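Both complexes below contain subunit A, partnered by subunit B and then by subunit C.
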Partner chain A sequence: MTHARRLTLAHLWVAFAAFAIAAVLGVWQMWARSPLPAPYLTAQAYFTSVTAHGVSMAYVLTTFMVMGFGYYVAETTLGRPLPYPRLAWLGFALGILGTLMAAATIFAGNATVLFTFYPPLTASPFFYIGLVLVVVGSWIWCGLMIVAMLDFKRVNPGTPVPLAMFATVANAVMWLWTTVGVAAELLFQVIPAAFGWNEAIDVGLSRTLFSWTLHAIVYFWLIPAYIAFYTMAPQAAGGRLYSDTMGRLTFILFLIYSLPVGMHHLFMDPQQSSAFKFLQMSFTALVAAPTLLTVFTISASMEIAGRLRGGKGYFGWIAALPWDRPMVLATGMAFFMLWFGGGGGLINMSFGMNAMVHNTSWVTAHFHLIFGGTVVIMYFAIAYAIWPTLTGRQPASLRHQRLQLWLWFIGMMVMTLPWHYLGLQGQWRRVATFNYADPVIAGWGPWVIVSFAGGIILLASALLFVWNLLEFHRDRAVVAPEHPPIYALAVHPPNRVPAALNGFALWNVLVLVLMIAAYGYPIAQFFIIDAPEAIVHRVTGGG
Partner chain B sequence: MRADTEQDILKTELWWTALVTAVVTAIMLAIIYAGLVHHINPPSNIETVDPKTLHLTGEFTEGNLGTRVDGSQITSRIVATQFAFQPQCIVMPANRTVTLRFATPDVIHGILVTGTNVNTMIIPGYVSQVHTVFTKTGDLLMPCHEFCGLGHSQMWATVRVVPEDEFKPGPDGRVTCDAR
Partner chain C sequence: MKPAELREIDRPWRIWASIIIVSILAFSVVFGFLILPIVQGRAAGLDAFTAICRAVGILPGSPAVRQPTSEAKAQPTTQVAWSTDLIRSLGQSTPAGAEVAQACVACHGERGIAADPQNPNLAGQSGVAIYKQLHDYKSGSRVHEVMNGIAQGLDGRQIIDVAAHFAASPRRDLDPTTAEVVDEDIVRLVERGDPARGLPACNSCHGFNAGGPMETPTLSHQNREYLARQLHAFRSDGRRNDIYTRMRSVAAKLTDREIDKLANFYATTLSY
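This part shows the complex of A and B:
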């Protein structure tokens, strides 16, 4: 096994181990919120669990997945060994150390601040330092991805960077920008307060800095799924990518528009003006563009595959697709969930309608559908596609993989549809126990139980997923082909592409300009108006 | 779909891009329209208040909390603390424009009123102000909707919406739940 593959395997196992633990916690949380009596339920236990679930799913699963997949893409698309593998292992070690530190503080009851850790509530400083270490590990990854691309360009002047790698570097560049906000919040505000060096904190500023990170981070999680849509799904379906240029454009648009939009998380906040909320909402609307472009390009690519396989008529090509292949099946399900999720997203982003859903279960349901559904189902498909090349073995039948994907899809639907409905009824989020004696809340009970049932299906799927991965390592697995084609060719593979579509220098300048426009004054205002500070509230010591 | 030449593909993609642009523009216009015509605007008044002295001086001292009528203005002032609202119940008349003002001396909270569009964050350091018209009478639930500590699940208040003719301020202009 090459160095990069060993790295990939290590990262992905950490990602999916965190995922499996978090799935168990998630189901217990659903139980706790339902009218059925759940074991071990106290407020302390619930918020410990939600903190662990959120941190594992949103930070550990995703960061390790993005890094591991990035190393894989770099090695397989560029056809050269990964630069500085020792540094890559250092990044991995920092990530593990950070994760263990954060986990220890959470399970000791010293970090019940949830994964968004809004000050002035403050946890043990080691919770934040752990998270910072994970981020520093990911910065090493960003650097390595950029170096790998530059090396490739130097050795192959004029050759386009392969799309999958171009997208991976777009993500690395975006992530460097993204983490500036939360890093500033943690290093200058929260960690000093957690150590007791500060007794007060400017909360308006900290929320604004966090919002800088909060939207783009979602695209960081999402881009592996989009890489799979553009490069792996058309190949698995037996077709070609409709347009390589559109792919490049999409990832550039994500880089540009995922950053100056974070303030849509602050629509209901009193410390920012309507003008800047409105500006950032306008940019948010533009983020819909790359997603719609993707829907089109991927549908067209799939249509090509379906027609090559003999599909006829307007819809005949859909039936002709090889739905028995996990990557194709997962892509179909991911798109289905994307339609629902995208529609919900439009409601969230609109300035006024946000008031109807802000901080209700609608929001939690929305991101479970789009992130836990669309994105994570593609993580599964990616794992199934690349694991045979990591272990050299694969199970004799794909039946269990298909079953696992179906369970995830059905479970997600059963869990999130009633959850959305409850949000519209006014059910609010982050609650350990509801007062089902209240007649309004009592009416919600049956729907919460349906959601809980969906959660149980999801847990079954999560456990089956881990079991399926173990199958690749078993003796009874059959030998896998050594170099299966993974990435689709474009219908017209590019010979040359303009420099703007082959690198990021220009786009970084644009991001800088947009960020100054979108966040310059909203951050500066806290120093101008001399905003009053809030007293730090420490949650350490199990209480 | 034609994909014989690069040009074909480019042309199709451009059509689609134009369509996407049109859809995004339409959505934007709808939002602007809603904002201007229906005055659907999120609370954004950037009005500061010092959390450390909130209960000692000024508008949010205990005696000044709850609903108060001042001329044609109906305003209710509420303090959110870990883990209760002061007061726990406020009275509001139906079908009148009312103003709710919130502040907190401790951590971040937030509120929504079930069955309405009333929704705001409550951030230490700022006053959150919402204007609304309640149309249905009865007791509405007003929970804290942002995690504020271990007691968060137990933090809620009641908005008692009464018919306009039953909304009778006392001589000091105040209306409380106990008085009824």
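This part shows the complex of A and C:
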């Protein structure tokens, strides 16, 4: 096995191990919130669990998945060995060390601050240091991806960077921008407070810095799914990518409009003024552009595949697609969930409607649907697609893989649709138990129970997924082809690509301009105005 | 492809991308920073300049409404105002504190562990909690004949010193043989509360690592009689210095039996 493949395998196993543990916790949380009596339930246990679940799903699963998949894409698309593999292992080691540190503080009950760790509550400093180490590990990955692309360009002047790699580097560049906000918050504000060096903390500033990260991080998680949409799904369906240029534009738009928009998480916060909220809201709306570009391009690519397979008429091509292939099936399900999730997102980003759903279960339901649904189902599909090339084996039948995807899809719909409705009824998020004896709340009970049932289906799917991955390592699995085609060719393969669509220099300048416009004064104001600070409240040590 | 040729096809991309993105930025700025606030401000009776300054965040308030005013008079339950300096000093025990504490030994015990179980132990209590209570006795927010007089005799500095002193003193040793087997429903109240009565878990504020209000006192290692008396006082509204009626709203829902058992639980528990 090549170095990159060993790296990929190591990263993905860590990602999915964290995922499986977190899935168990998720189901218990839903149980806790339901009228049915859950075991081990105390407030302390609940917030310990939600912190562990959120950190595992949002930081560990995603970061290791993005890194592992990135190494894979770099090696397979560029056709060159990965630069500096030792550094890559160093990044991996930092990530593992950070994850273990964070996990130890969480399970010792010293970090019940949830994955967003909003001050003035503070946890054990080692919780944050653990998270910082994970981020530092991912910075190494960013550097390696950029170097790999530059090396390729130097050796192959005039040859466009393959789309999958271009998108991966877009993600790496974006991640470097993204993590500036949270890194500043942690290093200058939260960690000193957690150590006891500061007794007060400017909560407005820390929330603003966190918002800098909070939206773009979502795209960091999402981009592997989009890479699969553009490059892997058309191939799996037996077709071609309709437009390589649309793909490049989409990833560039993600880079630009993921960053100056985070203030849509602060609509209800008083420390920012209405004009800057408006500015960032209007930039947020522009995410419609890459989303619609993608829906159009991928539908067109799928239509090509369907017609090549003999599909006729307006919709006949849909039926003609090879739905028995996990990548195609997952793409269909992901798009279906994207409609619901995207609709919910439009509501969240609208100032007025946001006021109605803010801090309710609507929000948690929304991100489970779009992130746990659309994105994670593509993580599964990617894993199924690349694992045979990692172990050289594959199971004789794909039945269990399809079953697993169906369970995830159905479970996600069953869990999140009632959860959205509960949010509209006013059910709070991040609350451990409800007083179902209260007549106002009693009506929520049955809906939570349905959500809980959805969660159980999801857990079954998560466990089946791990089992399916183990199948790839078993002796009874059959030998897989060594170099199966993974990435689709474009209808018009790119050969004359302008530098703007083959690199990031121009876009970095534009991101800088937009970030100064969107976040310059909103951050500077905390230093200009003598802003009030909050007293740090440490939720570690005696009570 | 040749570099010159590449540059040729790249130029329009560079120019148009920049033009489009800067235009979108300009549009949003004109709309959000000028047009919207002026229109909203007009409806709210604000001049254009004020409305724009508010929208940008240079002046406080919203561009869409007049700044609200209120005639209501504040009725604070306590006069305590926290500051970082204050909290820092409460963590630093000094010899001055030990000196002030001499005036307390008669009732609170030689080392802050009271001989009479009617009186509270102070040893190992949180400094923030001791400070708040002394401040409240001094201002009259918490009423107790003896303690009001004593607290009024202390100045602000002495209150800080003595609070830091007792906070740093070692807690009462608990005798494992006196720990009682506690009823299950009481443990549930402590750890889970009773949602059916709208009762939060005591430990969601009083517990180890809890995220409750910072002035929350430690209950373990406290005297049973004292704890029970305080719960009765909160329930009957006799003690009312808890901010936002946090404890009164809890105690009001407790039965006599529960108060007794809870006091007993915290006085003898070895768990935290």
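FYI, the second predicted complex is superposed on the first by the 541 of 543 C-alpha atoms of A that agree within 3 Å, B and C clash if a C-alpha of one lies under 4 Å from a C-alpha of the other, contacts with A are read in each partner's own complex, and residues count from 1 in each chain.
By definition in this document, contacts are C-beta pairs under 8 Å (C-beta built on N, C-alpha and C of every residue); 3 or more make two chains touch, one makes a residue touch a chain.
Note that the structure is a prediction, hence the values are computed from the model and not measured.
When both complexes are overlaid on chain A, the residue A:I256 reaches subunit C alone and has no touch with subunit B. Touch criterion met: A:G158 reaches subunit C, while subunit B stays clear of it. In the overlay built on the shared chain, the residue A:H492 is in contact with subunit B alone; subunit C does not reach it. Legend: residue contacts after superposition of the two complexes on their common chain; A:V513 is shown touching subunit C, with no touch to subunit B. Applying the stated contact rule after C-alpha superposition, one finds that A:Y436 touches subunit C and leaves subunit B untouched.
Contacts of A:A500 after superposition on the shared chain: subunit C is touched, whereas subunit B is not.
By the touch criterion stated above, A:G109 is placed in contact with subunit C alone, subunit B being left untouched.
Once the two complexes are overlaid on the shared chain, A:T2 sits clear of subunit B and of subunit C alike.
For subunit A, the partner that touches more of its residues is B, with subunit B and subunit C as the two candidates. Shared-chain residue A:L121: touches subunit B and subunit C both.
Residues 43-44, 47, 112, 121, 272-274, 278, 282, 286, 433-434, 438, 525, 533, 535, 537, 539, 543 of subunit A touch subunit B in one complex and subunit C in the other.
For subunit C in complex with subunit A, the touching residues are 1, 6-7, 9-10, 13-14, 17-18, 21-22, 24-25, 27-29, 31-33, 36-37, 54-57, 62-64, 82-84, 87-88, 126, 191-193, 195-198, 200-201, 203-212, 214, 216, 218, 272. Those residues of subunit A that touch subunit B in the shared complex are 43-44, 46-47, 112-114, 118, 120-121, 202-204, 207, 242-243, 245-246, 266-274, 277-278, 281-282, 285-286, 288-289, 292-293, 296-297, 300, 303-304, 346, 350-356, 358-360, 425-426, 428-434, 438, 440-441, 491-492, 525, 529, 531-535, 537, 539, 543. Note for the complex: subunit A touches subunit C at residues 41-44, 47, 109-110, 112, 121, 158, 198-200, 256, 272-276, 278-279, 282-283, 286, 433-438, 495-496, 498-501, 506-507, 510, 513-514, 517, 521-522, 525, 533, 535, 537, 539-543. Remark: subunit B residues 1, 3, 5-6, 9-10, 12-13, 16-17, 20-21, 23-24, 27-28, 30-31, 34-35, 38, 40-52, 82, 106-108, 110, 112-115, 117-129, 141, 143-153 touch subunit A in the complex.
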